[in-house]
Structures are given as C-alpha cells and as structure tokens.
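Note that the chains are named A, B, C, D and E in the order they appear, and that numbering of residues resets to 1 at the start of each chain.
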Amino acid sequence: MKNYLLKVNNSPVESLARFFKNLLEQKIVDALFVQQSVNGAAVQTLVKDPSAASDANPLAPISLQNAARLVADLTNSGLQEKVGVVLRSCEVRALVELVKLQQAKLDNIVIIGVDCLGTFVPADYRSLVSNSKLVPDQWTVKAANGETAIGGVDVRQSCQICDHVTAEHAQIHIGWVGMNAGRELLIQVEDELASEVEKISLANGGNQAQRDDLVKKLVDERAAAKEKLIDQYSEKLNSMDKLMDELTICLKCGNCRQACPICFCRECVFVSPTFQHDADKYLKWAGRKGRIEMPTDTVLFHLTRANHMGESCVNCGQCESACPSGIPVGILFQVMSKRVQDLFEYVPGRDIEEPLPLTTYKEDELEPRH
Amino acid sequence: MSVPEEKLDANFEPKIVGLMCNWCSYTGADLAGTSRVQYPPNVRIVRVMCTGSVDPMYLVRPLLEGADAVLVGG
Amino acid sequence: MKFAYYPGCSLESTGQEFDYSIRSVCSALDIELTELPDWVCCGSTSAHATSHKLALALPAQNLVIAEEMGLNPVVPCSACYNRLKTAEHAVKSNDQLKQQVEGLLGCQFSGKVTTKSALEAFVKDVGLDTISKRVEKKLSGLKVVCYYGCLTSRPVEAVAFEDPENPQSMDKLMKALGAEPLTWSYKTDCCGASLSITRSDVVYGMTGRILDAAVEAGAQAIVTTCPLCQTNLETRRKDHMNIPVFYFTELMGMAFNLPDVNKWLKKHIIDPSL
Amino acid sequence: MNIITKGQSDQLDFHFIKEVKERSCQPLDLCYHCQKCSAGCQVASYTDFRPNQIVRMIQFGLKGELLKSSAIWLCVNCETCGARCPNGISISAVTDTLREIAIEENVPAAVKNIPIFHHSFLNSVKSNGRVHEPVMLVRYKIKSGKLLEDIKMGMDLFAKGKMPLFPSRTKNKDLVKQIFDRAEKTDFKACGQNNSASSAVERG
Amino acid sequence: MNELNLTGAVMVVGGGISGMQSALDLAEAGYKVYLLEQKPAIGGTMAMLDKTFPTNDCAMCTMSPKLVDVGRHLNVEIITNAEVLGVEGTPGNFKARVLKKARYVDEEKCIACGQCADECPVKVPSEFDGGLGKRKAIYKMYAQATPNAYAIDKNKCLKFKNPKACGKCLKVCEAGAISHDMEDEELELHVGSVILSPGFEPIDPTPYGEYGWGVYPNVITSVQFERMLAASGPYQGHVVRPSDHVEPKKIAFIQCVGSRDVHRGKNYCSAVCCMYATKEAIIAKEHVDNLEATIFYMDVRAYGKDFEKYYDRARQQHGVRYNRSMISSVKELQQSNNLLIRYLNQDGQYQEEEFDMLVLSVGLKPSTSANDLAEAVGVELDNDGFCKCEEFNPGATTKPGVYAGGAFVAPKDIPETVGDASCAAAQAGKVLSDARGSLAQVKEYPSEKDIVNEEPRIGAFICNCGINIGSVVKVPEVVEYVKNIPGVVHSEEFLFTCSQDNVERIKERIKEHNLNRVVVASCTPRTHAPLFMSSIREAGLNPYLYEQANIREHASWVHQDNPKAATEKAKDLVRMSVEKVKLAKPVHTSSFEINRKALVIGGGLSGMTSSLNLAGQGFSVYLLEKEPELGGNALHIKRTIDGSDPQRLIEDLRKQINDNPLVEVLTEAEISDVSGYLGNYKTTIKTSNETKVLEHGVVIAASGAEEAKPTEYYYGENNNVVTQRELEERLASGSLDDVKNVVMIQCVGSRQEGRPYCSRICCTHAIKNALTIKNRNPEANVFVLYRDIRTYGMKEKYYREARENGVIFIRYELEDKPEVSFKDNKLEVKVNDPVLERQLVLDTDLLVLSTGIVPRKDTEKLSRMYKLPLTADGFYNEAHMKLRPVDFAADGLYLCGLAHSPKLINESLSQANAAAIRAVTLLSKDRLESLGIVATVNEKWCKGCGLCVNICPYDARVIDENKDVAVVREVLCQGCGACVAACPSSASQQNGFEKKQILTMIDSAIS
C-alpha cells in the first residue's frame, strides 16, 4: 500500500466527491458504486457519468442496508466493466463471505474501503440532519477524533461495539479517522493501482503513525466494550427459556432476514411448504399444549438463521435496526455466532481463501477422540 | 431450555426422540432388540440414512415442542 | 509285570527313601524289579557338562545291560532318566551317533528296550486304575503341588513322555491316591540342583521361587520324582520354610497303607509329619 | 570389521560360529534375538551374559571372552531355552560345547569350583564305576577350598543315614575305565546325521 | 447358450468376507453364484471381530451391508451346511457334487424369533464366542446371521439321541419351521468356474503350555478377547477377567504364538497379529479407564497401508506399551489368578511384572476343512496346507478353472482378502465372459399407478410375528388405534406378515381398498423393507409409497416386561410411519447409458493386468502410459524373491496386449484435461504427436509410485552407496560377484518424520538381494541394519533363509541411527548392537540403502483432475480401507498397484485384477440406475451457494454454471442426505426422507 493525501478545503465530503469523479474520469474504474446524499439521508448508487457522483458521501454515518448484498447482485452474473465499490468494513467482510458462498464474484471489482466509526439508525440520522444537528462535514471532522455521538444520539449499538474501523481487502482505502479531516484525507492505494491513481493529483502521505495509534486505540476500546456486552448477553441467554423470553415479541416478519447480508436464500425455508401446515396440525398442537403462540416457530426461525449464517455473521447489526419489535437481534447473533467462530478460530471476512469451517469440518478436527 | 423442577421427580417419564443412522445406530437398536436388551420405553426412533442428514432443526424443533431430549446416533 | 531297575547313585545315598518306597510300592503292586547287574553311573551333570562322549557312553552302557536282560529299564532318578533317555534317543534316531557310541563301549545296540521313568511306568504301564484300586487309605484333604522338574521334561524330543509344558501324570496319580493336586505354574521349572554344591547362592534363589510358589498355591506338600530336586528343595531353603517334599512313591506307599512308611519318612531332612 | 568393547576394539571373526555349530549341532544363525531364552533363563540374572548374548558373541566370534565367561559354567542345562526357542536353538547345548572347548584349551573357568566338582565327580565314577557321594564331596571340598561350607547339611544327611560310609562299586571296574580311555582317544562327530530328514517335528 | 457352451454360473466355496466379496462381484457382473458355507450362516471370521484396524471401524457395522446384499441378491444362492464332495468337468463346464446337510430348521419359515433357543435345555460352549459364552443345541450363530434362521446342532440335540427325550423347540415354534426329520441332500451344481475361499483358523495355543492357556482362566486368545470386546459378544463388550469378572487394570499381549516358530509352530508370519494386538490394546483401553496394555513382541509388523500411523498412535496417543522381549513362560499366582511375567525391559534389565489378564496373539493356519476341500476339488496345497498358486497368476490354483481367494492362499488381513477375493472373481469371470448374463435373473414389474393427485389412502398392516410382537404388544389395540388416524382406510393384523400368503393378501388389499400408500408394522426395515416394497410394486404401487414401523426390535423385544408401554410405543411408531407415508411421493430412479469403455492410467504391471482382464471380459480399454514403453517399475526388477522373472511377465503381457484388439495402448501420453463423470468421461490426452479426446465410462488409476531417492549417507556422492533397486541392477549385471562386505540400512527416510509410513517391501527386497549376494559368494559378509524386520506372511521363510545363510541382522533404534563415514577411500558404518550393547564398526565395500516407495509427483495432478482423494502420505485413498480396497468412494473410479500403497508384484497383480472386476460390475450393466433415495434440488429455491458440493462425499453434486444452481448426479448419489442438511434454503431434499417428512415424524413422535 502506498499512502497519499487528498487535500481538503474544509469540506472532506466535497473533496472526496471530487476524488470519485476523478476516478471515473481517469477511467481508473468504469463505474462506481457509492453512497450518495439524497434528501437528508444517503442511499447507494451506481454511477457511470462522472458528473453524477457529485453527491457521493460514503462518510455519511448512515447505511440503509449492508451494501454487500447489492454488490453481490451486481457481480453475480458476469460483470464486464470495472466497478469501484465503496464499502465499509462490515460490507467488505460480508462481501467476502458471500464470495465464499458463491453469491458474489470479485472479478472486475475494485474495493474502495472507507473508515467507519458507525452509522446512525436511519430515522435518527434523518432527524439529526433535518434539525441541522448533524452536518456531515462537521461531524466527520469531529468524529475523526473518535467521538461519534451528537446531540445525545449515538451510532447504532452494533457500531459502538464494532472493532473494525478500516475496511479489509481494499485496493484503495480512504482514511479519515485520526486525520485532520478538514485539511486532508488519507488515500491508501495498493501498489498495482498506484501508478493509475497517481494521475489524480495527490500528495505523498508518508507515515501515519498518529492515525494508526488512534485507530488502534478505538479498536481496543470497542473490542473491550463488545466483550462486556457479549458477556452480559451471554448471561441473559444461557438457557433456552431466557432466549424464548427475549424472542417473545418476535412477529416473524422476516425483516431481520431481509436486512441480513449473509441470508441469501431465494425464499426462506420458513415460508416454504416445509412450514406450511394443515389446519388440523395447528389444532393438534394447540390441543397438545392447550394453546400455542401464533405465529409458530418464531424461536426455531431465529435458531435456524443462527445455524445458517452464524459462522459468517459479520456483526453489522442491520438485523437489529430492521426489527420492528426492537429485539436486540444483532447482539443476540453476536453471542451465538461468536461461539462457532471462536471454536474454529474463524473470522468471517478475514481471508477469501479461508474455507467455511462447517463445510469442511472433519469429525476429528477439533480434538482427538479422547 | 432447562428441565423444569417439577419434572425431576422419580415419576418423570421423559420423551426422547432418537435420530438414528440406518447403518450403525439404527442397526444397533435392532441388535438391542435381537439381544433382548431391556431399556425404558421412552425413546421414539426416527430412521435417517446418515446422521450427516440431520438438520439442526431436527434437534431444536422437538426440544421446543415438548421433547425432553434428542438422541442422535451415528 | 517286570522291569529292569536302575537305581543310580543318588538312590543309594541322598535319595534312599525313594529307593525304599519304590521297591515297597512295586512289591505291593506285584511288579518285579530286577536291578541292572553291575550298572554304572550315568555320568550325571558332570559328564554332561564337560564331555559329550562320556555323557552318551556312560548311560549307554546301562542300556546295553538292559538289552541283555531283555527288560525295559525303569529309572526313578530324573537325572539318570534324563541321561539314559537322551542316550537312547541319540542312538535310536541317529545311526552315526549310534556307531560312534558303540565304538566307545565296544559293543552293539539292538535298540530293543525303552527307558522309562518310574512315573511313566506307574502311570502308563501299571495304570491309574490298578493303583487306585490298591489304595487303602485315601489321602483325602492333602493338597499337593506336583513338581516334575526340568529333567523329565526337557529336552522335549528326547525325554518328554507327555506334554512337556503342562505334564499331568503325577497330578492324575495324586488324584488316584485321593489327594488334591493344585494348579501351579512351576511344574517343570529348574531348581538348580546341579549348582547346589558349587553355587548355593544361585540355587537359593531358584528353590526359593519354587517353594514360595508352592506355599502361595496353598499346598501342604510338594511331590517330586527327582532325588536331586528333593534334596535340593529340602536343604536349600529359608529357615522358616517347612513345607515337606515327597517322592510320589512315598505318597503311594502311604495311600497303600504300607507298613514301612515310617522307615522312609524319617529319612527326610524336613519333618514330613503331616 | 570391529566391535568396540569398553573402548577396546576387536576384530569380528566369522569362523568361530562354524566350529560351535558343528560341535553343538545348533542352528545358531537362525537366532532372532527375540530374547525368549533370556527371559526364561533362571540363572541369567547371575551370569555375565544372557543366552542370546552368548549367541551374538558367537556370531561375532568373541571366543576368548566367551570361554572366560561365568555364563558357560553357571548354565544348569535345564533346557528351558531350547524347549521354547522358536528356532529350536538349545543354548544349553551351546554351553556344553563352549565348556568342552574351554577345558580343551585350558581356559581358566570363571567359576573355578564348578569344573573342580565335575572333575571330582567323574574321577569318582572313573574309579568306582559309580559315585560315592561322601568321598566325592570331601575331595571336592578339599580341592575347592570350601571345606567349611555346608557342614551342617552334610551332618544332617549323615545323621539321616543318607551318606553311606562305604562306596557301592561296579564289579567290572575296568569297563568304566575303558570307556573313559576310549572317550579320551576317539574322535567323535557330535551331531551325526539324523535318521529321518525332519527332526524338528511340527506340532502346531 | 453361447458359442462355447460355457455355464454362466460360479460356485464360491466359503462364505466369509472373501467368499461374499467374490460372490457379490460375480453376481453384479452378471453371473449366477452359488455361495457355499460349511456353517449354518455366512460371515466367517470377520463376523466375530469387534473392530478392525487401522480404522477402528466396527467390523459388523461395515460388514452387515454386505451380508444383507449377499442375502438378498437375486443372483446369489446361499447354500449353508454345505460340503463339496467332488468337482468334475472342464473349465467353463463343471459339475459339482455338494452335500447339503440337514439344518432341521426351514430357512424360509424361520423368523428368527429365538423362542426355540430359549426353550432348548442343552447348553454348549459357543464356537462363535471362542468358548467364552454358551449357545443352545438349536441356535443362530450370531445376531446378524445370514440366512437369518436358526439351526439344530444334531450332535448336541437331545431329540436326536432319543426321540422322546425332548422336542420343546417344536412346541414353541409358531412358524412351524423346525423338523427333526429333514435329511441331508446331495446337490449337483452346474457351474463354469469355482472359487475356493474356505478361510483360516486360529492356531491352537495348547502346545504352548508355558503360557497356560486352557489352564489359567485369565489367559485367553486374541480371538476370545475379540469376542470379549464385542458388544454383541458373551461379555456384552465388558472387558473383565474370566476368573472373577473384575475389570483388569493391566493386560499383556504375547505376540507370535504359533507363528514364526519353526520349532513348535508355523514357519511363517501370520501377517495380522501385530496389528490386531495393537487394535485390541487400543480398544481395550477405550473400554477400561486407565488400563495399562503391554505388548511383548520381537518385530512389530505394521507394514500395510496406514498401519505404521496406527502403531504410532497406539504408542503415543493411547499409551500402549510395546516391549521387545519374547516371553518364555507365564506364572499364575494362585490366590489372585494374576499372571506373573518375567521379561527383559527396554534397558536390558530383568523385570517381573504382574498382569491381570493375558492375551495370546495366536496366528493363522489353513482351516481344517481345507484339506478335504482341496482333495474333493482336485487342487494342490503347499507344505503348510495353503492353496498353491502361481506367483504371477494370482488366485489361479493348480486346477484350471478353479480359483482361490482370501486366507486360503496365505494368511492375510481383510483388505487383502477382499482384494484377492475380487481378483479370484475377476479370474473366474474372465473365463466365462461369453456366458455373462446367461443365467442371471432380472425381475419384471407391472406398470405403476398414478397417485399424485389422490388423497392419501393408507393401508396399515400390523404383524404379530408369531408371538414375538403379539405376546407383548396388544396388536388388536394397535390395529384399532391406527384405523382412527386420518388417512388410514384399512388396517389389519397378520400372524406373519412376511409369509407368502400374507404378502399376497397385502397386494389384494391394495386393489380392494384402492390403497395408495402402505405401512407395515413389524420388524426392522433393514431386512424386510425390500420384500414389502417389492410386493407393493407388484401391486402397481410405486415402492416408495411405503413405510415400515419397527415394533419388534424397537418395542416388543426391548420392553418385554412392560406390555402397556410397548403397546403405546408401537402405536406411536405406527402413527409416525403413517404421518411420514402421507407425505410420501413416488420416486422414479433415473438411469442413463454408459460408455462401456475403460481408461487404465499407467502401463506398469498393474495397468497391463487390469487392461487384459477387462479385455478378457469383453470390454475395450485405453491403456495410457507416459513412458515410451510399457512395463513400469517392474522393468527394473530382475527376479522376485519367490524366483519368478518379471521381465518374462512383462514380455508376455506386452504380447497379449499387442494381440488383443480391445486394448488400445497410448504411450508417451499425458492427461491434459478431464471432463464428465461416472459412465461418461472425456479425457484429453497429449502424446508426442497428437492431442486426443478419449471417451470412456470408468477409470482405473494404476499410475504407480517410485523408489525414494535418499539424501543421506553419501548417496549420490559415493559410487558405492546405492539403493536396493540399484543394487539389484548391479547384481544382475554381474559386477558385484566379488564383493566382500555389504552393509544394508533399512528404513532410510522411512518411518520417521517426513515419510512416516512403512514401505512394506523393503525388508523383503533387502533379503532378496542379500540372498543373491550370499548365494554367489557364501564368504561375503552381509549386514542388514534394521528397525523391525517386516517379512510378513510367507516372506518370513526368506528371512530365515537369509539368517541360515549367515546374513547378520542388527537392529537399530530411530534415535540411534547408524553413522556412515567416508575416509581414506573407505566406507565405514558405525552401529550399536543392542544385543551386546556395543558398537560395531563395519568396513563396507558397498552400502545399500533401503529407501522405500514414494508417490509419483503426477499423482497429485491426476488426483485433482479426476477428484481422486489422497492419503496424508500422498497415495490414493480408497473408498474403504477394509471392504473397498480397490474402489474410490465415487463409483466408476478404481485403483490398484503401487498408486494405492507400496506392495509386491503379485499383490499388485491381484489388485489389478480386482480393480478390473470392480469396473466390470459397472460396465456389464446396460444402463446405470440411481438409488431411489437420492437427493433432489428444487431449482426455484437453489441459489447455487455450493455448500452441498463441498459437503458431498461422493462427488455427486455439481453447480450448473448456466443456471447457477446445484445439480445432483443421481447415479453417484448414495443417499446420505448430508447435502440436505447443509442446504440453508431447503432447496435440497432427499427422496423418502424429505425434511417435512422427518419433521412430521418427529412431531408425531412427541404428540
């Protein structure tokens, strides 16, 4: 990786938008997949025309969904042009998992990672922006020191305990955390791409020890917070009864599954004929227990999801944001997936060559028989 | 899902679902029969062709629905 | 029934009670024993250990005498039996050896006679039925271990007349007498008698194992067929060890209720009063 | 080809084994060194070499060391080794041969009173045709210098009348003497040839 | 009838694993097979074993599918209690006279309920349990016995002694199967060839009285110990001492009891004892916590594939102690019945140790019936009583048309037995190929009724199984209960559902009530489902519209004292089956045509032999060789240890191949691309002048291996340091006639880190070369420095011959390897002699290194192209170490020769033939048909994630690149359902075991 500096004249957002425009103009990429500000929020866009990247704002602390699924759809059937995809860590990691699950391909993809210290619940973001409590440029400059909360509102719980700041596997990486973001942004470029990116006027970035220190400090703090929260929830979930209590208010709407970047099934098994029962079945069950809660199988739904994507869960927390009942699904999943991941020393998104442990599991893998 | 206290008395008759591999443990259960090994009548055996086909759902579902244990033999 | 009788040197000294008892028992069973006229020493361990030629020639001389008598020789002493039987095996199975031995003796073999140990003669020729019929006073309650020793068991090809690793004849004989032969593992172990005089330190170890094992097995007495073993086991032992060692013929005599039993018993170094 | 014994190097000699094989009639080459003989040997814990070590020494031609060993004299010829050896090798027969060679070559015995005993014994046989134990033992005691050993045992035996004062003798004393003399003069092929081709009977 | 009037049937004598394998291969290849067994049931020795080495697989578990296959194969006729009286005729047309002794129980009628045995008053020691347990005079040999029927031991039955004395069994037999009036029959079988596999017997340890077997209660043989370990054995798998039934804390094993003993035993090595003792020690340690197991041995012969690893694991992981000292005698302590053993420990010190139990590792000898059999058939036996076979014509006896398999030829382990059994089948099949299919039967069925749009109409038939079910489960109550389950339109009880008349009745009921699904509640579906499925198919129903509830083994028999609970359980089990069958759908197996040509990779002896056997059986073969000429490794071997000339064999095979129009040889050929799968492969090859695409249905990988090149001991630096193969070449050239001193070092690079396995053949190779040197110059000194001499089986005789000729063997330890120096133009080897604990300094003119065999570099490439699994050591990994030694897990792929593992020429030839017949079992079919219970994919839901592809052990799953969905190659699918569990979308289902069916059953189980 080579370090460059992108000069900023007070507005890191604008400078960055210009940088993206340049990427397209210089044909470093043929198209760009990037978050742009729209109506006080921000949405993912696919840009072909360089001038249409003017609202690009990947730093805006909002993400309506984990973009990995969108990138996956983009790439899955023969992507012919080179597309730069601007992604946060959780999105890159989810993308890597989807590649392993053969739901995405990385051919013709240039991963452009951005630092992320978390995103607000979309509704919060929108109201903060509309009340002018949050101005993206100002928030960025301030948050670059590690302070994310504003106006008494902080980023999503999952983000607060996320121990990833920089994005993995990026060929180009945009760093703002620990930088004087009002003056300059760090652009890191992998060696093969360096000569092309140098076409855009960038200053030499040199050593970024100070930024590195801050990033490390933040990662450590968040890891500690995460551990604490997981412990707390592990306690809360140490029996099936407690889990069932926690999930009482689930209405099996499927939003969590819809928001999940890893849940890739075309149709969930829970809406398939396997779970379509005859009326007499329901009545029989009700007869057996006196009453049953409807919809049925809510706990089984979550456990099955945990089983299916536990090993690949990147803890983006989108499920939690999507839950209309306010169930802390994200942290529940962290608790469950951590067990599997720790068991196999597997870190989702770490390495594209690292096989999914449950598909290669051998009977004697974990320990000798005795 | 812990076993409720009231179930832990001497009269407690657990319901056990056994998922047994056709080639080994189901055969083993057959052998128990052939050998007239007597055991408590609490298990209901479901034959599968290989325990590799046991979906975790097969374990969770009965436990959620009232079984006290699931025995997987393979 | 007639046999040529080869007492050997031991039965004239340390093994006298064997000689006495065997003669009494035989007469009780109407077995005629004719002592080999002018028998010579078999050479024992000393010839065996130092001279291959003497080890064959000395016992062979006795075979020649038996052949002249036309009777199968019965040899009570295991050491003598071993030497005679080995010589017999050599001359019977190997013509070249036979010729050479004939050269040493200056006479010829006809190969007619078969050397028998006293035990073999009683068990196989006389038969357990005959013996048990003669029993007057069953040795009920007497627990014994039968000790066959090495000399009647090995070398297997030459001397063994029954399973060399788990011989049974003496056990069966004891049963016929009403005694209880116990299972033990030392039937054919060597007691080291040939070193008894020269290296008694070694021998104490060897007899010790056998005596300890007999006691461990719960035996009240050891029964043997070898005067070397009998003397060795009686004289080379720890002070407190008082288990008696009998010749099997002595027990036969007791079971037959023969009058001269006491004559033999008082010859024992270890008091055998049971 | 050398073997190092306590720093001293000796030439290996592959001829000695031929001599021992010829005289003992034992198929020494066949030894597996499985140690069955050694495990079963009751005297090997008192000797300098164990039975299969003796075989190995013969294989390597360590004749001098062997003839001086205590093992060849302490062997009680109980034949346990030969009975159990999977290759049918009787080490007992081998020690017989080694003792004979040692006597022939006047190698001093490691356990000197044993040959003295045998000598006394055979002398007794040679002169009487039979052994007269009391006299033989006294002679042995004098020669070996172990006069005071076993006095109690001797007295016990004497008291029980087991040590007759007068020797029993063969009438034809010359006969035994002649045998001794012929034995001294005659060459003897120790193994000869077995009449039947297969001497090792399979009993499995 | 064919042109030559050949009879397309084979008589296989002996129903052990060997005979079973021969029978199955031949039956699958299209021949009628008569499988003769002396005892009342097939299974042989393997049925007695608890576990098998080196996988610790349960013997019965791996074997019972084969038992079932043999038992119900349309073309295998099992004749038990049989004895061959004579065989007349010529190859292709034999007439065999067979005495079938009366069983006194009708196999067809007997339902194996065991009532008769319960009643029988006569108890005798069970031969099957090695005398540790008892059986009755009417008995079944073992639980899974095939045929599953009782038999009367005439010699023990009271009624035969006095007709009035007994007859209790007759009274209790509901099936009316017993008759004391049965008579022996003499059968005449017309067969084209004969395979003899009478197996072996354990050597009787009685002559080894010093070990006390039969006298000391706690001394048992390995066979008895095997039965003790077996859960189905007389001790129910509890390791306890026979004297007091207390768990032992210390067990000792004594090796070579009866083997490697010219004095009192057999002059050969029994080939399996080292490994079975290792296995028994490991398993015993698994049974008893903190058990100490010690094995007394002289050489550990862990020579087979993965054996060394097993031996390593035994020592390192399981803590089995190996003590290199044979035992002279065992002393029993009379008070404790403990066993006192005196031995020399590893430091050369005497040690006496008490053990609680002693296991004698008894060797193998030909079975007692082998002699009579050989005489009746007219084949010659060797001096040891094993069947005489030519080295280069494996399996062929001295009588043309008669072949031998298994341990009848020599002592051997199960994989070799199975391989040799297939080889015998291959040889027999080759002779009869023109008559293939002439006597084999195929079953015809009526067309199937379409039920897809019908509501379930279920018929449930509840079996009393005589009194087996009916005396415990209240069958009428169950019948009434079932009637009320929605969907059930008919329910009735039968005394014996499986009797012919009742099977017919079920068919009638199907028509009468217009049933579209059937449930039978009786015994285990493992044995009886095929019968009922077949009969509903005869009634026009798809056979998969069937479920069986096991209310005998799983209810009445295991809850005899609780009829109420048993009845409730039976109801539940029937209900579960009813719920499952409601969701059942018709299953149609798919089939496709296969290309009936084979590709054999590798033109060494294995490849050539495989090719010729295939061609002999009428199939076209591509034979691929990368060198310019055929012959492979054998080109370097001048003579085998048994005295045969491999060069003549090569010449002979080359000529046969040249003359055979069915074999197309492609030399200097390299595979560049592979596509397709079972039945239809396309392999692209490049030869020196062309690129060609070969189309073929199966692949035999005979790609060989090579001698390892050492990196140590001045190899490559000094001309007088050579490998064994190089020595063989030098000896052949005569350049070594005057060599004086030769030192050979064994295990160079082998059995250590980097190459942990034993190469099996090096000891034999070294001894062969040593003997050549000694024969030329008896005065030459040859020293073999070794770790364990592994002249397994009959090769032991050459080890003895080498010693007899004065070759000196000196053992060394891995930690104390020989040192070689080269000074003043002199090679000098220093090694410590463990016997005398002194160092030897050996001047040597020639240093020979036994380096072992390593996989070829291209093995890995082939492995990738055909997806052939490799072992950790880089050899090909067969489907099952024991029972499928020449198959890969995926159908249509086979392996043989050195590519499988290091082995001797005749062993390679045997495997090569075996691989050929295995291929023929496939090629002889017109079409390949899939199993019914295969996995399916619903393309609508599949997202092509590939989890199923990764998880499938049979390579039956691929991604359709166009549709991005997973596809099941149905003929490869073995119906394990692992893919179904892996599929997150439930797009994968298994026919007959759909998720919904299982969930419904589970649900039904708890309601």
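Here is the rule we go by: a contact is a pair of C-beta atoms (placed from the backbone, for glycine too) under 8 Å apart; a residue touches a chain by one contact, two chains touch by 3 or more.
What you see is a predicted model, and the numbers here were worked out from it, not measured in a lab.
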Task: Common touching chains of chain D and chain B - done: E
Task: Graph separation of chain A and chain D (steps between touching chains) - done: 2
Open item on the list: Out of every possible chain pairing, which has the most C-beta contacts?
Closed with: C-D
Task: Chain of greatest Cα-centre distance to chain C - done: A
Task: Chain centre separation (chain C, chain E; CA means) in Å - done: 55
Task: Where chain B and chain E are represented by their mean Cα positions, the distance between them in whole Å - done: 32
- [ ] Determine the centre-to-centre distance between chain A and chain E, using the mean Cα coordinates as centres, and give it in whole Å.
- [x] 53
- [ ] Measure off the straight-line distance from the CA centroid of chain A to the CA centroid of chain B, and report it in whole Å.
- [x] 41
Open item on the list: Could you pull out the residues of chain E that touch at least 2 other chains?
Closed with: 207, 210, 329, 951, 995, 999, 1003
Open item on the list: At least two partner chains per residue is the criterion; list those residues in chain D.
Closed with: 45, 80
Task: chain A, residues touching no fewer than two other chains - done: 285, 288
TODO: Identify every two-chain combination in which the chains touch.
DONE: A-B, A-E, B-E, C-D, C-E, D-E
Task: Residue ranges of chain E touching chain D (in the complex, touch as defined) - done: 203-204, 207, 210, 256, 258, 260-266, 298, 324-329, 342-344, 350, 365, 741, 781, 800, 803-806, 808-809, 811, 833, 835-836, 838-843
Task: Interface residues, chain C side, partner chain D - complex - done: 9-10, 12-16, 38-41, 43-55, 57-58, 61, 90, 93-97, 100, 103-106, 150, 153-157, 164-165, 189-190, 192-195, 197-202, 205-206, 209, 231, 235, 266-269
Task: Residues of chain E touching chain C in the complex - done: 207-210, 212, 215-216, 329-335, 340
- [ ] Would you tell me which residues of chain D are touching chain E in their complex?
- [x] 1-5, 9, 12, 14, 27, 29-41, 44-45, 50, 52-53, 56-57, 59-60, 80-81, 84-88, 200, 202-204
Task: In the complex, chain B residues that touch chain A - done: 1-2, 56-57, 60-61, 63-66
